[in-house]
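Each of the two complexes below includes chain A, the first together with chain B, the second together with chain C.
For the complex of A and B:
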């Protein structure tokens, strides 16, 4: 019995090394089966707790009508635009604050003050200023992404050993080249951590913003479904959120981490 | 290669905890000729690393002067290469790119700087490691890279700060032998900081003994080259010199 389990486990490990996608699907199987079992037991009315099959049908239906692809595209675009600006502003600011004592003194208190005003807390005034549009959404996402990116970049810049700077200087690097050759790669593992946190918060902020001010998007779809009393669409929205984040993590963030910090031995696997 | 002149060098700094001024280096003078290998030896806290950091331009001097090729030192620069105890290799660059870094900063084009890097890697028997990252190498190999990275930039003076202190004893002996061999080929001007008396004598033309921030004595080492541990271990002149330096260091 034990050896059989052992052999099965060995086979599974070999399978997942050939097909890594299997490893990301298998853990969900017991979860979906349990969900199915609860629905099949008939403890709750179908409209209250739909089955996995209902959700799949709803998925196919919304894809067929073109609503889901459109909403998905809207949400992902908003996140991409917000993330782009959050990264484009956050990394240079983080490097500046990390390298310059003056910039640190001038900006750090402001940073902590504004970090405390959560993204959602900005929505009332943003709606008055910019209305229910892309500007408001982008502002909220940039705002959410930028703080973890800045704070982690500062940490990364400051944790570069002083001898790295010294070595570069004695090899003839100018202060400007040091930013590109030493500071940026040295801080990269922390920057990626900042991105991971920032994008995670940004994704949540986006859904919240869509629920409150949206006219499209996954968050809007879920809230709209609540008004219509469609639990199946709410569940579908939740599943999409999880799947999308999984894709962002395993297709974008994890490969960057493997190619940088882990490859260089700065981060242990 | 250029000569190095140190005149009445001093370093005092304010110790915030003790609340008073502390003298780390006091009135040290030293002339190092072009292509000479000088070891500075002394116990921990004798000021030897402080002197090296001032020559490198990492910390400001508070008295006297340091001249490289007759010109005063102003901050770090590529005329003074440094080999660090902690190696200080760039983890995000391959071994080849680490060694090519200095030429790259000089504006040498890619093909030429990689040719230079490969030449120096061959000198330290590192040809096979060119494409690897520093974290994939042993400590001994990492420091070989550290040495040739500094040499490949062709500095006027090579400063070595206890470079072999963090590798195992057998590897250290090999590295010392390789360093004397490379020094004979390239003849850089070298300042070598160490607390290991045997190492200081083995490598150098001259050993400077330092204690409590002051220069105690200088001892010329006229041992034949090439030097190897197999020969010098039983060499009476080497033993006598080592004993003399050791007594100076211990009495300090």
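For the complex of A and C:
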């Protein structure tokens, strides 16, 4: 019995080295089975904890009705717009604060404080200013994404050895060229890390915003389902959120981070 | 640093805030901003004094902090033993990493709808949300920390005759501690945001509730006051408690990378 288990485990390990994707799917099988078993045992009323089959049914149903693809598109678009502005504003600001001592003195304490306020605490006043809608949500996401990007960019810019600047200067580089060829590549690994963190926070902020002020999107779907008391759709929403972020994070962002780290990371000796 | 230098750096840190508050005090009356859009400085100060005097502000702060404390302590009690137990075997920890990452993605806010449905509006739902935010991230980090302890260190302890208990208290826990503390800091960050969001939806006390009720009456001075309190509280918690704790554990127990 034990040797058979050992052999199966060995086969599994070999399989995952060939197809790493398998290793990120198989571990969920016991969880789903456990969930299924708990539901089948009837420990909780069905309305409280629906079975995996119900969730799959509701997935198929919502896709068929076209609600789910539309909401998903709304959520992802909002995140993309927010991420774009977060990057477009955050990186230049981070480079400015990282390079200028004066800007650092003037802005760093404010940055720490405004980051601490947190995205969600802005929602009530944003609703008063902009009403329920796209502006409010974009503001919240940009606000969330921008701080990790700025803070990490500053960290990256400041970690570039001063001798790099000096070397470029003695070779006759202009200020703009130093930014483009020394500062930006040198800070890039940190910038990407900041972006990854920022998007992680932004994703959660988006969900919160959709739950509280939304009129569409996955977060809205979950809260709408909560109002109707439909646990199936809430669970479906949670699973979609988790899977989507898992895919974005470990198949897109993490490889980018690794690649920039290898290409531009400073090897410290 | 000498005391005068301390004072100087504190002043430098405070200066931008003084400028910002000065601008607020001058510009808002000058442009005659509608107080329903943005409050005057004195209105916010009055709201703070009022809230202190009748105790409502302190009540809300107390309610929020209490929830964070209860949820976090419960989560740590469950997460650290579980993380250590799973991290001991490298096979199990590799196998369980994807589900743990999946659940830590959902941490906090995404649980709000189902938590309110399962536990009703109130203390239970909010504690559950905070518990979730802290639990999965700390478990994941503990597991990472334990599996990062070099095999040879554990072998050395075992060959010197360490029993399971001293292995746990002298090798595994200290070795994983830097990771655990980092996990607590991240988890609390998510928990704090989740708390504010949950309080907007699910209770009748707490800072998030205070903000959301104020919105219904267009009382921007209360909203801004709440935002400042939320920011200051988190800054104090993070900078004065969590960050020094993290630094101290890493200095004391952090693994020195072999050169």
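Following the convention adopted for this analysis, the second predicted complex is superposed on the first by the 244 of 269 C-alpha atoms of A that agree within 3 Å, B and C clash if a C-alpha of one lies under 4 Å from a C-alpha of the other, contacts with A are read in each partner's own complex, and residues count from 1 in each chain.
In this text, a residue touches a chain if its C-beta (ideal position, glycine included) is under 8 Å from a C-beta of that chain, and two chains touch if they have at least 3 such contacts.
Being a predicted model, the structure only gives us computed values, none of them experimental.
J.: For A:131, select first, second, both or neither according to whether it touches chain B, chain C, the two together, or no partner.
T.: A:131 sits against neither chain B nor chain C.
J.: Regarding the shared-chain residue A:173, is it in contact with chain B (first), chain C (second), both, or neither?
T.: A:173 contacts chain B only, not chain C.
J.: Go through the superposed model and pick first if A:225 touches only chain B, second if only chain C, both, or neither.
T.: second
J.: Answer with first, second, both or neither: which of chain B and chain C does A:92 touch in the superposed model?
T.: A:92 contacts neither chain B nor chain C.
J.: Is A:122 touching anything from chain B or chain C once the two structures are fitted on A? First, second, both or neither.
T.: Once the two structures are laid over each other on A, A:122 reaches chain C alone.
J.: Considering only touches as defined above, state whether A:246 meets chain B (first), chain C (second), both or neither.
T.: Only chain C; A:246 stays clear of chain B.
J.: What is the contact status of A:113 with respect to chain B (first) and chain C (second): first, second, both, or neither?
T.: A:113: touches chain C, not chain B.
J.: Examine A:164 and indicate which partner it touches, taking first as chain B and second as chain C; both and neither are also allowed.
T.: After superposing on A, A:164 lies in contact with chain B but is clear of chain C.
J.: Of chain B and chain C, which one touches more of chain A's residues?
T.: The partner with more contacted residues on chain A is C.
J.: Looking at the complex, which residues from chain A come into contact with chain B?
T.: Contact set of chain A toward chain B: 161, 163-164, 166-174, 177, 181-182, 185-186, 188, 260, 263-266.
J.: Could you list, by residue number, the parts of chain B that touch chain A in their complex?
T.: 56-58, 75-78, 80-82, 84, 86, 88-92, 101-102, 105-106, 133-136, 149-150, 153, 155
J.: Residue numbers of chain A touching chain C in their complex, please.
T.: Touch residues, chain A against chain C: 9, 13, 23-25, 27-28, 31, 48, 105-107, 109-110, 112-114, 116-125, 127-129, 200, 203-205, 207-208, 211-212, 222-223, 225-226, 229, 231, 234-235, 237-238, 241-243, 245-246, 249-250.
J.: So in the complex, the part of chain C that touches chain A is made up of which residues?
T.: Residue list for chain C touching chain A: 12-17, 19-20, 36-37, 91, 94-99, 101-103, 105-114, 116-118, 190, 192-193, 196-197, 200-201, 207-208, 211-212, 214-215, 218, 220, 223-224, 226-228, 230-232, 234-235, 238-239.
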